[in-house]
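The same chain A turns up in both complexes below, where it pairs with chain B and then with chain C.
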Partner chain A sequence: MVNSVGFKDRVTETIKGKKTRVLFLSLLVIIVALLPLGVNNYIEEVMTNTFFYIILALGLNIVIGYAGLVDLGYAAFFAVGAYTTGILMRYGLNFWLTIPIAVIFCVIAGIIIGGPTLRLRSDYLAIVTLGFGEITRITARNLKVTGGASGLVGIQRPTIFGHKLYQITDFYYTFFILVILAIIVSLRIYHSRLGRAWQYIREDEDAAEAMGIDPVKTKLYAYMIGAAFGGVAGAFFAVKMTAISPETFAFTQSAMILLAVILGGMGKIPGAILGAVFLVFFPEIFREIGQMRMLLFGILLVIIMVFRPQGLWPERKS
Partner chain B sequence: MHVMTDFYIIIQQLVNGLILGSFYSLVALGYSMVYGIIKLLNFAHGDIYMVGAFVGFGALGLFGSVLGIGWLGITAALVISMVLVGFLGIVIHRVAYQPLLNKNAPRMSLLITAVGVSFTLFNAVMVMTSGEYKAFTTSLSYDGISVGPLNITYTQIIMVVATAVLMLGLYWFINRTMYGKAMRAIALDQDACRLMGINVTKTISLTFFVGSALAAAAGVMAGVYYGSIHFYMGFIIGLKAFTAAVIGGIGSIPGAMLGGLILGLLETAGTQLPFVGSAWKDVFTFGILILLLVTKPTGILGKSEIERM
Partner chain C sequence: MNDLALVLQNVETFYGKIHALKGVSLEVPKGKIVTLLGSNGAGKTTTLKTISGLIQASAGKIEFYGRDISKEKAHKIVSMGLIHVPEGRRIFKDLAVKENLELGGFTLKDESLRRKRIEHVFEMFPRLKDRQKQIGGTLSGGEQQMLAIGRAMMTDPKLLLLDEPSMGLAPLIVQDIMRIIKQLNSEGTTILLVEQNAKIALKLADYGYVLETGELVMEGDSTELRQDERITKAYLGE
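Up next is the complex of A and B:
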């Protein structure tokens, strides 16, 4: 006779155990790493797109999930990154050198956006970030250096160790590596002194302030680091697409990234990944119904929020 | 002579600004009322304005053959659109927002739900109209009062008067009726209202009805005035109207009216400035918003309070 209680306990213990988790994760990484061997270009393209949104979602997760700040204009950072790389490469700079410059520009943009607004009420912050997103897009459309309404075209493909990245499989692995880096950075930050300060502020700003945490400065770091993620993603986006236009960075784009974070559950890395996967796969699966899918998407979003306002896979509060 | 021409241009721009400001004010009122009562940034409000324009367009198409496409037909379309879109506002409140309010969900969830509602309305209209521009055909003439090169059409005058009538009506409703009193009371203290026997949910629904109806009125009037409508028209005006509401002091009804007019005038003036022009006018508006939020976040007529999400 099997002792059912003991058996159940043992099973849950095995499932929740660290060993199982490591095994499961490594299996997942191996499957994803080997995927291009067995699937067609379409799946690879969708997966690459998913990776891209995972990076953006992880970046925005730092702002929204960790620090609890609203940002409805995240596409602006991603735009600054993409345009910086695009423009500098036009002047002959090596792609890999443009990345740190793109990151610096994004961090500056984060300071410009965050600096004056972080003292505001949070719903004002929502509209100001939205406004900044629009300003970025309109500026890109009006300036000569950004190519006006038609944007930048013919951005060169980068080379690494003499190998030119141009096939979809190349970008699949490039973005896959970036996702892993983004996850590691996210995890490290979450458990750092700064990460704990963000969570503290998010839960109780007054108490955090009383403990000697400077809320404005700490929040500003969240914007800066979130912006840096957007910048890196934007730089790689520019070379993958070889063409960028202002409309790529419209509000819908910011809304999409935001939805990935919120759907998955704020503050949790697997949540943000799940959200991004859902976000890319949903329109792909329902490609046949055409424009109806966005309508369905809106309705679904409301339904999810009404029944699970904390997201699909929220952070466990201890 | 040159001075006179400048003078005429200023007057003409003033009129243009006033009309633009009227639309902003009407939309800003809905933003401000809903924000005042449940502290929700109703992101879908701009799209409600857009739906209002399309419902008015449909109503004019249906009844235009009977009532004509002159002022009579337009007024009928305006009223029909206001009522129908008002009910749409109630449906949105009951289906999307009230369940979250009941659960005491975080404000962020409410904001996201509002983004979802906005997406739904926006895409529903896009699918139904195949994303095309619709010509809002009316038989209104360009007759008006002309002084020199200055021309103020009767349409423009009627627009401003109609806005003023709607606003006075709202002012009366908020300040002189029991319903208005209930709304003001809920904005102050929901729990106390419940204890006093006010049906809070119903009153919030009523607020949504009134706010949405005003936005619909603005949508129909904008359709008539500009002559064409499309599914994307709600997004930017939603942003602008929010800016207007913040300028006036969010939650304040006279503030929203004033803020809309100020924004309309500023924006029209902005297009005349060197280095701004029409390409940069939205940047100019958001610049004003950010400057204002940094220097005086409570707006012109708003109360100061510190809140966190």
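Up next is the complex of A and C:
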């Protein structure tokens, strides 16, 4: 009874906090939704690219942030998704039908990489995932069905309700919707039973197991769901670019996505978004200074990691 | 046979090449408190970890209510009602007290049952109720131990393995903890208690085993053990 007053204060505070947050968020959504009306193609392109990395960062955030697993080969899942869609469309399958198949293939890839390796400790896991990323890329370069080193070209643009997704604005909205879906899925999972299980495993695997959580199965789910995000992003990437080649999925791609998650703050949805935005925007904004910008970018990253090792917008911690 | 909660028959465990348990056989009857005594490195913790499946036994049989669990996975054993409260408490230091308890009820699918169990734990440990929003790492040692036991009680276990609950606690707090263990036992929970503090353990337990470098060297009713010269010399410091 003593702290009932404090409790009441806290309740009103959260409601108020929620109100401003909802207001802020809806404002942000409206601005982003109306943006294509007032800006040129270049900015739309950059924004679409940002959305794309947000989806990947949110997917990898499930693996790294939620479940606390290392993955240095995330681009592999995105490659599997892109190639599945690209190849199936070449055989005449409708784009929208290739999405579930791409997701299934990615989940299978997640199981293949996760199943035998999840018993490993984190540093070994890092090496294996790195290898997996490279294997996927090199396999794509050497198979006939994936078009070898030149990759797949001339992937058809999809249509929706008779409207062909063609212009950059079309893809702007497509990826924007995907971002919103990815956020909703991420939020739902975080607050689910599985989300809590990941949290426990991340904090103390032995204690979690001693409480009845199957660590291998739980971690495998993280890989599967993270892979599914990569698969969806990859499928849309394929039809947006109309051409994919193995070098699109090189290690630097995995590193980029990883950077977005770590920079933004692991385990936090706004963090992953912020990280992706920063990562795409920075080199674009400083495009004028040419090659120097990557040097500057690197220095800035080091500075951020020195002064905010937990990321720009990290998860609440004691 | 039927009144035994746990039976170990010639259980052997290796840590790599180290032969940590060299054939341990013990019995824990239903509704009793049995204690496993021994000095550092005797294999007490290893015994508990082997029982709860965190380490696999290389030989021997472990029966929990008549069922062989020596090959089962740790999380499966938990769902059978055998809970291990590990040494050093191992609560989640970054999570609030209540969240820690929710973890304990992770295997419960029924939300209302989980809430009821949390209430029950709070009844048993009023201190935890006052601190339910506090982050686990900021609790005192005694409170952390209470939280660890409370978390284990969430699934209403049939058998509780307690690993050194008195470790690093002030004597007064130790008495508190021991009172709680006694209470849990009187409510029907069977307990296997591992302790270095032989004095308090024997006061609490019905029966005791003494472990030395992976082998049982002595066993008996706790009243007998308390009077045994070897025990008093080695562990009671008298």
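By definition in this document, the second predicted complex is superposed on the first by the 301 of 318 C-alpha atoms of A that agree within 3 Å, B and C clash if a C-alpha of one lies under 4 Å from a C-alpha of the other, contacts with A are read in each partner's own complex, and residues count from 1 in each chain.
The rule we apply is simple: a residue touches a chain if its C-beta (ideal position, glycine included) is under 8 Å from a C-beta of that chain, and two chains touch if they have at least 3 such contacts.
The shown structure was predicted, so the numbers you read here are calculated from the model rather than taken from an experiment.
> Looking only at chain A, is it chain B or chain C that touches more of its residues?
B
> Per the contact definition in the header, classify A:Y200: touching chain B only (first), chain C only (second), both, or neither.
After superposition on chain A, A:Y200 lies in contact with chain C alone.
> Contact-wise, after the overlay, does A:M266 reach chain B, chain C, both or neither (first, second, both, neither)?
Only chain B is touched by A:M266; chain C is not.
> Go through the superposed model and pick first if A:I127 touches only chain B, second if only chain C, both, or neither.
Touch partner of A:I127: chain B, not chain C.
> What is the contact status of A:L301 with respect to chain B (first) and chain C (second): first, second, both, or neither?
first
> Does the superposition put A:D214 against chain B (first), chain C (second), both, or neither?
Touch status of A:D214: second partner only.
> Residue by residue on chain A, keep only those touching chain B in one complex and chain C in the other, then list them.
none
> Which of the residues in chain B end up touching chain A in this complex?
Touching chain A from chain B are residues 39, 41, 95-96, 99-100, 103, 105-109, 111-113, 115-124, 126-127, 131, 235-236, 239, 242-243, 246, 279-280, 282-283, 286-287, 289-290, 293-294, 297, 306-309.
> Applying the document's contact rule, which stretches of chain C touch chain A when the two form their complex?
For chain C paired with chain A, touching residues are 52, 54, 73-75, 78-79, 83-84, 86, 90-95, 102-104, 106-107, 135, 137-138, 151, 155.
> Considering the complex alone, what residue numbers of chain A touch chain C?
Touch list, chain A to chain C: 193, 196-197, 199-200, 203-204, 206-215, 317-318.
> Which stretch or stretches of chain A touch chain B in the complex?
The touching residues are 64, 68, 70, 116-117, 120-124, 126-128, 130-132, 134-135, 138-139, 141-142, 205, 251, 255, 258-259, 262, 266, 291-292, 294-295, 297-302, 305-306, 309-310.
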